[in-house]
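Each of the next two complexes has subunit A plus one other chain: subunit B in the first, subunit C in the second.
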Partner chain A sequence: MSAQTTHIVGSSPIRKEGVAKVLGRAQYIDDIALPNMWFGATVRSTIPRGRITSITFDPAIPWHEFTIVTAADVPGENTIVHIAKDHLCLASTHVNHPNEPILLLAHPDRAVLPAAVAAVHITYDPLPAVFTIDQAEAPDAPAIWGDPDAPEKNLFKSYLMRSGNESQLDAIFAAADHIVTGEYRTGAQEQLYIENNGIIAEYSATHGVTVRGAMQCPFYVVHALQLVFNLPAEQCRVIQTETGGAFGGKEDFPSVIAAHAALLAMKSGHPVKICYDRAEDLAATTKRHPSRTRIRTAVSKDGKLLGGDIAFCLDGGAYLTLSATVLSRGTIHAAGPYRWPALRVSGKAYATNLPPHGAFRGFGAPQSIFATERHMDRIAHALGITPEDVRRRNLLAPGDRTATGQLVPQSGPDTVDMQHLLTRALTESDYHAKQARFQKENPTSPIKRGIGFATFFHGSGFTGSGERRLNSLVEIELTPTGQPQILVSSTEFGQGTNTILCQIAAETLHLPYDFILIAQPDTKHVPNSGPTVASRTAMIVGKLVERAAQSLVQSLITSGHLPHHYSADDFRHAALAYLAQHGPLKASVRYQSPGDIVWDDDNYKGEAYPAYAWAVYVAEVAVDTTTYAATCTNFYALQEVGKVLHPILAAGQIEGGVAQGIGFALYEKCVWQQGHMANNQMTNYIMPTSADLPPIHVAFEEIPSIHGPFGAKGIGELPMDGPAPAILNAIEDATRIPFNEIPLLPEDIFQRMTANGHTSGDPCVPEATA
Partner chain B sequence: MTQITLTINGQPRTIEAPPLKRLLDVLREDLHLTGAKEGCGEGECGSCSVLLNGELVNSCLVPILQAEGAHITTIEGIASNEKLHPIQQCFLEQGGAQCGICTPGMILATHHLLEKYPQPNLLQIQEGLAGNLCRCTGYTRIFQAVQQASKTPGTNSVPSPI
Partner chain C sequence: MRSNVLQYDLTAPATLEAVLEILAYEPGEYTLIAGGTEIMVALAAGRLAAKKLVSINHLQELRFIAVTPEAITIGSGTTFTDLRKHPVIQSDFPLLKQAASWTGSIANQNRATLGGNIVNASPAADTPPALLACEATLTLVSKRGTRTMPYTDFHLGYKKTALAPDELLHSIHIKRNLNGYIPYTRKVGTRNAQAISKVALAALCLTAEGVVKDIRIGAASLQDRPARLTATEQALLNQPITPATIAAARAALLTETHPIDDIRSTAQYRAHVAANLLEEFLLSL
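Right after this comes the complex of A and B.
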């Protein structure tokens, strides 16, 4: 496919719901009140693991005013289903993490709930617990999840990805010029959407459950409610309200809070709202999986990768939730955009007694890419060549295959020239000159400056055969006003779903952008276009919208109502005439797997994703040897993302993702005490403010993909992957100290710099290379 | 309960509330002005920002007793009839609003900033908005919206009540 000339796609119209947002009129869940609505609250465990021995209610509280729900009130299965059914809706006999829900309360007055929650006293018989990957995998670890006699305890899921001459790895390592090893760790990270999780639920015996609230994936919630209430899908209606940020944090968790609110609604006979405050949201909801990656590489003396053995591990928290799929994406992305003659990646996700970790932008890839990109610099330093050299000698080129065997086309759509991207990024960031200047100035300056980069890719859409399984459906209908209205379950939470899908429909239909409508995601009215995750909306759902629009216009043309060339007025008249003559018109299209996308789930071979976005990110840092604070002072983000549908939204996605990546690297630390997040406040969980961030320079290259509408690919998660390794590479450039664990806070830098015998004014000496 | 008289978006209002009830809750629950949002409840995120006698405050930290006789401007008082205020228009055009939850507070903080510095430099913008957290944008497009607003006539006006 060659680049098409477009008018609406590629321009930057005003965001569809933008006027309501700037006026403050957009209705988020906590802005909505239903008649006779009550408020719900959750009584949670205070220990990481144990048997519940008693529950008592303080007589000072007038309990008759409250509705109280326990596991015994669950009409269906007491489970929140994601991948498996291990995750309880309400704990009854045992708890497996702090802040696990045990009991629910509802009352007409929101203000009385905190005291009531505190007046429910629960005692436990504690059991031994584990809090880290290292503890969970230890031979003498208590079995906290799964079969206690399994060969590997506490293991949620494992993958083994073998690539190239993997069976010859031992011989390759034995014969290699260099063996470079490293260990890399990343911490839990909070999504920190500014709107906390919240749901309002209603129940009626005839209509079943209706919930509305902040969420990414309405049909995930339907699926979860069906089990909890033992109801058919038609009696579990889910409506997404305006959602104040999500980033993965409203992918799986809304199923929990929706089930809780609905249980209270059923028992109380009132609509019930549960909106968490910040402390509860931070303590009880999902975070990014902490990771530990060990990499061993065989390298030739000129810096070519000969073989690799990567052990990628995630801490999944107490229940499986989405850990298997997070692990899958992380495992595949561990290979990075490189040629590996032989590679083994072992991925393992472990159970711990922390609250379940879940989806967060990047979904495992930021963790493994951090490790791989730090390791590429480690190889360079071990061999005495530059980080650029080591990339140049190993980057995938047209005609090469990724570690799963996916071909990078020689030319045309979906190819990429990473050498060119690297050259452009280093040139436009003035990398070489800055590096030389910093090296000259650093010895006499208390501020050590450095520059580093990361080269990486991110797959768009569900991994492997996921899109085939999702089998998404998209519809476009004609409204009574003769306008096309898009019907999808794909949700808007800031990233621009409403806008880009309307642009795609407008471009396809040759109609003005303002003429296109998009329905509120309400599972009673919209089809299941899949979850709004995995950088899939623009590419996968967008392509379906394009096809549905083509089908709609074809119906109007073949029925004789619309000429081949038409104006917006012609369209409206044709639509109204069609509706009058034939009744409603709805064009439906279902996902069709492209013939050349083949994935082998057992062996992790084939087309892992329909397409990848490719990027080179360059970071500049300043490390103050008086305060030991590291600051990112300049950032350059170059990416190839296929056709850019909306330049302002796209740049906004990159800038926002880079900001979260900077937070991941330098600011955001979850402090765990016996599995409880001790810093569950915005006061001491620190995200970057407007005064903390550097200038972020964003540049796009656009090689169209055959898989997306007008050549578009996914970009939502990509910018989360590159900042952390680029920044840590820059810090090593500045300090000559390899830091391999994030978040990297001033106290960590202080410890390493002073432990190495440095004082603030002394020049740093390179650590011995591996 | 205490009787409090104050002026909200130019209109005099009298309410009955416990003296320590937060201004944020009075706005949202008693007056049904839900534009101010609760993000943290402890004055860190700024999504509940309003102008109190022209000063930018976190309404989650203001007991209603302290607002006796005050003039309060919320996001609902920024637009004039159905016409967007220039700051709102600039946020729309520049992509300064993504999920929108911080937007009301951010617009009020911008209003306050431009009162203080009609032509702010980047550092003044960064520091002026540092009390308002945004998780979506990385702030870049917000800075551009503020810069555009500072060049737009009429930015420094708050409309008089209808």
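Right after this comes the complex of A and C.
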């Protein structure tokens, strides 16, 4: 191979689609119009649960101009398949959450649709509903999902993870120096991608369904369409268009809107576009699962974890959708990066009459990590030792095993030194000096300052045997111009997929970055490289791109067209010669499970993930006792990620994730009224602006993983995990009040401070812990 | 866009006189649109009942800031950016400058007008507390003629004003007699930018030898309209700033505020924080 002096992996080339975005040339779905296209809209339920008793159409509307689709028009199964088939494409007899789709309308003039939607009058016979985990699990709860006689009502899914001497837990608790218990809650959170969900669908009797739009996982949409239309995969073509953010919010939901647009296209005989506005997107599409975690720990007097019993519960909304897999990741991550001699984690996902909750950056892990990291501080306060000491005595070290039994290698690739990461993060944030200074200044200041941190890890790739089941395929072909073109279904939605995959191919092929092409995901042309989720693209798909590139170059060398040492020109000439002589060349590689990855799905034991990324995040806060507002004033994010493929994109991922984490902790609250999101506008769903965010200091360490290209692991979800617990730990440091529920708004702080007899300026009294 | 724009009429007469003519011809039929930062939000959300709009956005006659040694007169079409940049607003009316800088975002401030903020009459709007504290007077015009009124008399109830259907807010007049007054203003919003007030105060106080000689407190989100806190002012007038005075002022404030629970905050929080803001101000005197 040619001697390359500079490395493209590890540098920050301009993003593949960046120029088009900056110049406004990028075409998002609502920029695209097809000839004779109509527009679609959705008539939705207005109550959380009930039987539909009548549907009437206001005669003031010229209905003959419209196409109207009901469940009766579904040619295949009336379901949007994810893990199960309980999620209806269109409700017909009953509704199970507010804003559930019942009817679809299409018309050539977009402007007449809102009035038409409002002119469809639906009456109901209401049924009792539940809106929280507590209500769903109550013995006298109405059975809103599944078997009403099941021993546990409204239960979507449960897991039981047993680790170490789990069977001895009772004895361990009986003998322990301390038992520390706590309950922690997190709220729903909206992904708030800039571009709302949108799809254009076409239908033809000969070619089937063609759908284009904003999405993360084109083959999920293919799968859903196959069932709704009873068509083979070849007749369900899905094209991803430029996607303006996703964060998990375009993982499962595009299947719904794609099926709707396609049903209208089939019935109307026109291409049909459905693009939600912000209010509809907020009210009707998925959010992060609300959670409740109860933790009971047995601890020695020097702060060692002896045993743990964790009950992790999620509110899944009205249908199962992805709740089982969100629950699985949350259950595993509840253990945190700690040594547990004995641990039981029970995970349960419940049905409620809220719109289905779905994927969102972190996928269950931010919820359980919030609980565990708050609880570690709780243990420290209960024992009168420092949060640092509790971590230091329990952090996983090389040679230890995670709660699922996965070995942290003694040395070399995939090992980690969490003690060092903790030391570095606390040093760089000047943690000890700041904590001492705040403690000195707080008593006389109306602004209470504090500093806190979280230590955590996040598994890269699908959980357990997931990657083996996905069986991903990646291809690189030669274009007629002799350039390598990557073919994957992994999508770009702002996070940098196109750029890093091209960097990996360029580095492997020893070719300039600009020479590498990547095709727009179109299921007619690209193989299924799996969904773009789970921090798997850089590590899993990136590794496949590396292998495909090696295979491509091998074919050119073996065929005699390419010397072992070559320049970009040599490559192009060889490629053109190969194409002329042999026709098209496409290198394909399929995922191969590394031999040492073993996962037992039934017992939740083994290698839960090929690799973990590890992190220590430190937050500083200021709590204003005049307004009771907590602000994050400074943030340090240190993480070990294997290899930083693109430093600017990587730092951007971390900064953006931290910002989203701050929103999760202190600002973003879904106000539910009878299951309807009452604040479904950006004016009232308060995400932090740049004026609310602190300086975010990002630092990386790199211990290469054997599983990823050039050692890379996933980083996309990691920054969502740490901010919320670090911030709440800092708030406890500032106020001495343990807040254990997020979002934590000024009104909540006000209630606690005034209920405890505090008024502005008063020092706070610690609440008893344990 | 949840409205069908084809159902709306928009006219943009060349002069103020022509606008008044239209308002007089069919009083109440037409709705004015200035910067449109309220109207367009309502239009997009499908809740703009008014179907006939008259644009005044382009009328330079309404976009001016006239300064004399005694007073400043601000045309209703003046934008928040205009206000922020004006040297006399900066020097003499820090409360107004601050309120203008809090409104929405820069993009919003480039379009949004002072007149629109006043006439829209939201109890949470940012400039009314400052204008109340400055004791502004308003000039209203119609084909029938011109009248002026103290701004304190303008808000009659929730989103109800003294503006007649054929009238337009022409300008806002403020005396430059605030020398020696200590200003205080604080907005407690849902976040630091693009935020609607949960509670806000704008106040001016004149003291002599530790005693309050004059105090004017304007408030947002504490009543159904922007309001002067007159009972609180009375509790402070001619009083020294002592813990007892502060306690009395806090108590008076709670008697005259009637905040609400809504999706942004709670009544309890609003009332208590308003009292805290007042205390913060009094302790700074």
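Simple rule for what comes next: the second predicted complex is superposed on the first by the 764 of 770 C-alpha atoms of A that agree within 3 Å, B and C clash if a C-alpha of one lies under 4 Å from a C-alpha of the other, contacts with A are read in each partner's own complex, and residues count from 1 in each chain.
Note that a contact is a pair of C-beta atoms (placed from the backbone, for glycine too) under 8 Å apart; a residue touches a chain by one contact, two chains touch by 3 or more.
Bear in mind the structure is a predicted one, so any value in this text is a computation, not a measurement.
Trainee: Given the touch rule stated above, what does A:679 touch, subunit B (first), subunit C (second), both, or neither?
Mentor: second
Trainee: Looking at A:554 after the superposition, I want to know if it touches subunit B, subunit C, both of them or none. Which is it: first, second, both, neither?
Mentor: Once the two structures are laid over each other on A, A:554 reaches no partner at all.
Trainee: I'd like to know which partner A:194 touches here: subunit B for first, subunit C for second, both or neither.
Mentor: first
Trainee: Tell me which partner A:603 touches in the superposition: subunit B (first), subunit C (second), both or neither.
Mentor: neither
Trainee: With both complexes overlaid on chain A, does A:689 touch subunit B (first), subunit C (second), both or neither?
Mentor: both
Trainee: Looking at A:427 after the superposition, I want to know if it touches subunit B, subunit C, both of them or none. Which is it: first, second, both, neither?
Mentor: In the superposed model, A:427 contacts neither subunit B nor subunit C.
Trainee: Under the stated touch criterion, which partner chain does A:629 make contact with: subunit B (first), subunit C (second), both, or neither?
Mentor: Once the two structures are laid over each other on A, A:629 reaches subunit C alone.
Trainee: Residues of subunit A touched: more by subunit B or subunit C?
Mentor: Tallying touched residues of subunit A, the top partner is B.
Trainee: With both complexes superposed on chain A, which partner does A:115 reach: first (subunit B), second (subunit C), both or neither?
Mentor: second
Trainee: With both complexes superposed on chain A, which partner does A:30 reach: first (subunit B), second (subunit C), both or neither?
Mentor: first
Trainee: If you lay the two complexes on top of each other, which residues of subunit A touch subunit B in one and subunit C in the other?
Mentor: On subunit A, the residues that contact subunit B in one structure and subunit C in the other are 277, 681, 683, 689-691.
Trainee: Spell out the part of subunit A that touches subunit B in their complex, as residue ranges.
Mentor: Subunit A residues touching subunit B: 12, 14-15, 17-28, 30-31, 191-196, 242-247, 277-278, 493-496, 648-649, 651-652, 655-660, 681-683, 687, 689-691, 693, 695-696.
Trainee: Show me the residue ranges of subunit C that touch subunit A in the complex, using the header's touch definition.
Mentor: 1-6, 44-46, 188, 190-196, 198, 263-266, 268-269, 272-273, 276-277, 279-280
Trainee: For subunit A, which residues count as touching subunit C in their complex?
Mentor: 111-112, 114-115, 277, 279, 446, 625-629, 667, 671, 678-679, 681, 683-684, 686, 688-692, 746-747, 750, 754, 760
Trainee: Once bound in the complex, which stretches of subunit B touch subunit A?
Mentor: So the residues of subunit B in touch with subunit A come to 28, 34-42, 44-45, 47, 74-76, 78-79, 84, 88-89, 91-95, 97-104, 107, 125-127, 129-143.
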